[in-house]
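Multiple structures are listed underneath, in structure tokens.
Both complexes shown next keep chain A, but they swap its partner, so chain B is in the first and chain C is in the second.
Up next is the complex of A and B:
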């Protein structure tokens, strides 16, 4: 049982989280409080939502860099709509519009990758620049704020509510709850649907998937438009969290999300990864970022620490793989 | 009786290349039909067309179970009961055994949800049909190659299979497993399942086939009842040439061994190995996969460090701590997998040949002397009769046999005295094989001492003067080639004392 547990990458990430948490709490006890935890869950719902989409793409054997640009576009579109016709919209329509546009932009990626057979990394670097470039030209970099009142109240809406000693409310935000719901759906798709298992299969060996009669176009379309959907949702979460939409606030964060998902055990060569792993990867990044702040470490160190942790994590998992394969090829000698 | 599958007038042109030219092919229910031909003869293209992953040129007529089909996709042929076991097995290493076996079936039945009970049930039924037992929840990437082969076969039995196509199914199996597989094939005949069997190994082909179709250069040579064929006739039909082997005898008679190994051991790899290799000799080294052959060779080439024992080179005790040391002393090793280890596939032929001798091609400024480079490339291409469109052509445009010759040229260019060849003809066809064998003999006649490692006992018998058999890391026996037989050696490999 224990042995099986340690064959999972997730176990190691979880242990790393526990160790970091202990160290941080030892230095600054305010880290390990419910208030701080709920706060972290709320603010990292953004990265967590991106991570779900990235996870799907990585499992399928591809990579997507363009999701921050997609989110920037969807965020800007809903911001403009909110400012112009804010009273005719509600939270559901906002999510639907952002998700719909995001899915369409993701489909564009899928079509290019599938029909022109261009590596996904090249395609999405190109579309990142195109999407982001067009938006910058059209928006002239202008920040948008001053959304309707109904849009602002979701930040302070809780599934359940507690109060600190001095009366400040905190609790499980509806934003976090929404992220949790997305996680559940993603977990169900990957685990219990033919579609999900087909994505794993395609990531494991795309030539075999073609021969086995999988519809590769459909799989590509699903994976990249799902990524776009998550990007669209994430842009609404971002707008809810900060109540401002700035064209330059998301692009540049692609690699952080990618790092979190890889940290959680997804492989860049495709075929592996889990929702639990992705959540743990995001959690580890969140805790390190928050912990360093609470320990009063200058923020410049943040990137150094993140980079080191990623290297150690990915290196350790590659080493375990190497050891396990070496054990297999050993020859029987009398 | 009408044929289950019939193809008429199949042609396939790629830009500048004709892969298939007006080929007819048909197979009846319950028939075992072997498809043979050299590399590039069009076998794979024909299979891809049947599978629906490649579409033939217009004018082709395909009939499956009496129904004309046009532009069908992989999933359509699967629905019609055609299953293919590919040479590379086409498995998903990241999924479990049960998923690998059953997932295709679940996809084909257009279900949306999977549950592990159903996957297990489908996999269990498929396993039962050919009577094998595999761990359901093991990842396919972590089980042995032979088990992976069985997974691929089981997968073909998840649906109502009516035609099973096996592309080089025995390439990675031991003899025992081959026998078991051939038995499965025989049994399918009794259940009216048609089988197309593609193989390089002619003895297997003749053992199981009802009929044999021979392809050469994209054209059909003919279809023959297997009973009318033998090894020699089949080779002749495939290549259009007569291939005969003369026994190999060393042209030199030296008293001083160039390489001697005394009591060489490495824990977990090989134990107490003794042999001598004389100039001009070709020694065969055979044994089962995993018997320690390759590991021994790598120790002689400085990759592994032996724990105990001695290596003597021209009478001097030597120790190699690295590959360059072994190469400087005069030992070259040509690896087993020519495609992944021996060549840089997207680089030119010339660059590949000179890769090992760049040090000798420097001018006084320590830069590459292009004139020297060109001269030595031309010399080796000529010496090995490598057929290339130009010296700048990338390796991947060459045929298998020519690629293997480039590998040989690359290592001979270092001017070695001992050449270790590990499976030099794996996966290449008869004609290319024959010309590689001729090259090897020619090298030995020039005084090179050669250690030929091979799975194929006939290859070892045809091309060596002495044979060593390894078993579980030890030398199980030594034979003089002229005084032994196929069965004696095979017997020792399968049932060592």
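Up next is the complex of A and C:
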């Protein structure tokens, strides 16, 4: 049982989270309070939503770094709509519009990658710059704020509400609840649907997946437009959280999200990764960021810590993989 | 071989076309000696960084950490240069100090290269991930050392590297030329070069031909690291300062230059001559657009589009050739 647990990457990430949490709580007890936990869950819903999309792309054997630019575009579109005729919209239509545009932009990636066989990293480096460049030119870099009242009240809406000693309310935010719902859907798709299993198959070995008769075009389209959908949703979450849409607030964060998902055990060669792992990866990044602040470590050390943790984690899992394949080879020879 | 020859011709034709177009659009402003001189000062940084990218792409890898390692080694150089040591002790213009600083900076970039090489070669981490990790780590270190501030004020000998001319040619372009020659000699006339191409086109075949794959990868990433260190020398000398986040927009451009120059992202193909031509084309377009007053973000979007168009054309050509071969 224990041996089986330790064969999972997720176990190690979980242990790392526990150890980090213990250290942080020891130095600053205000870390391990319900209030701080709920706050973290709320503010990291953004990264968590991106992470779901990135997870799907990584499992399929690709990579996408254009999602922050997609989210910037969808965020800007909904911000303009909200400012122009905000009263005719509601939260559902806002999510649908953002998600729809996001999926379309993601599909562009899928078409380029599938039809011209261009490596996904190069395609998405290019589309990142195209999307972001065009948006910055069109928007002239302006910040948008002053959204309708109904849009603002979701930040203070809770599924259940508690109060601190001095009366400030906190609890499980609806934004976090929405993220949880997305996680459940993603988990269900990956685990229990033919679609989900085909994504693993394509990531594991694209040539065999093709021979086995999978429709690779359809899978590419699904994976990248799902990434776009998540980017669209994330842009709404970002707008809800900060009530401002700025063209430069998301681009540049793509590698952080990628790092979180990879920490959770998804590999860039495809075929592996799980929703639980991605959540744990995001949690580890969140706890380290929050913990460093609570321990009064200057913020410029943050990247050094994250970089080190990523290299150790990736190195360890690559090493384990190497050892396990070597063992397998020996068995075959015998 | 034949394919590469036509590629060279195509690139030369594009170059001629681009020069003609920019001349038409900008008139005498463009065909001005001063304009070409300023291009010659700008091009080497990007050129050397592109070579750092290219050599890893030849092995079917990628090096996302080149900009970060250039910045970190630039900062190390800057810290040594701004130490106040009496000028008598370091020779006229602080030459002794400059040599020491450059050596230290190159040492740092070599270490980063070796770290990348170790991760890719011995731990078998995919290059994107390994270099992403080092990129975050290295740029974090640069940030932690400088606390986000600029380090500036170098001795005259250091400034001379990036800003002086020798026989009318800017010094950076001479450094770039030396870098080009060294890399072409390595790639075309040494066993290491042959192994890099072989490893890039088929690592398994390479391994079974008795090549020590990890060693080749270590050397590839070491060279890549050293080239980003050399780029750092030019960069900090031209800016007269070093900072943790200089030149971040170069990353897309280095990939673009390599791909435009005929380097295959799948590894195994690509020559330095193509890269140099692509670089000149890019520099001319960017100077021309700059003269026309085009928004920089629009230029960024344009680079992305060019990258995709070039890759699409290459993929179509490849497919046509494959069809002809199978007939």
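As a working rule, the second predicted complex is superposed on the first by the 327 of 334 C-alpha atoms of A that agree within 3 Å, B and C clash if a C-alpha of one lies under 4 Å from a C-alpha of the other, contacts with A are read in each partner's own complex, and residues count from 1 in each chain.
The definition used in the following text is that a contact is a pair of C-beta atoms (placed from the backbone, for glycine too) under 8 Å apart; a residue touches a chain by one contact, two chains touch by 3 or more.
As the structure is a computational prediction, the values presented were derived from the model and not from experiment.
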Touching partner for A:308 - first (chain B), second (chain C), both, neither: second
Contacts of A:197 with chain B and chain C, given as first, second, both or neither: first
First, second, both or neither for A:93, with chain B first and chain C second: neither
Chain B versus chain C as contact partner of A:63, first or second or both or neither: second
First, second, both or neither for A:130, with chain B first and chain C second: second
Touching partner for A:213 - first (chain B), second (chain C), both, neither: first
Touched partner set for A:121, first chain B, second chain C, both or neither: second
Touched chain A residues, chain B compared with chain C: C
Chain A positions touched by chain B in one structure and by chain C in the second: none
For the chain A and chain B complex, residues of the former touching the latter: 192-195, 197-198, 200-201, 203-205, 207-215, 271-272, 324, 328-334
Residues on chain B engaged by chain A in the complex (per definition of touch): 51, 53, 73-75, 78, 84, 86, 88, 90-95, 99, 103-104, 106-108, 111-115, 142, 144, 267-271, 290-292, 295, 472-474
Of all residues in chain C, those that touch chain A in their complex: 62, 119, 123-126, 128-130, 132-141, 143-144, 147-148, 251-252, 255, 259, 265-266, 295, 297-305, 307-308, 311-312, 315-316
Touching residues (chain side chain A, partner chain C) in the complex: 63, 112, 116-119, 121-123, 125-134, 136-137, 255, 258-259, 262, 267-269, 298, 300-308, 310-311, 314-315, 318-319, 321-322
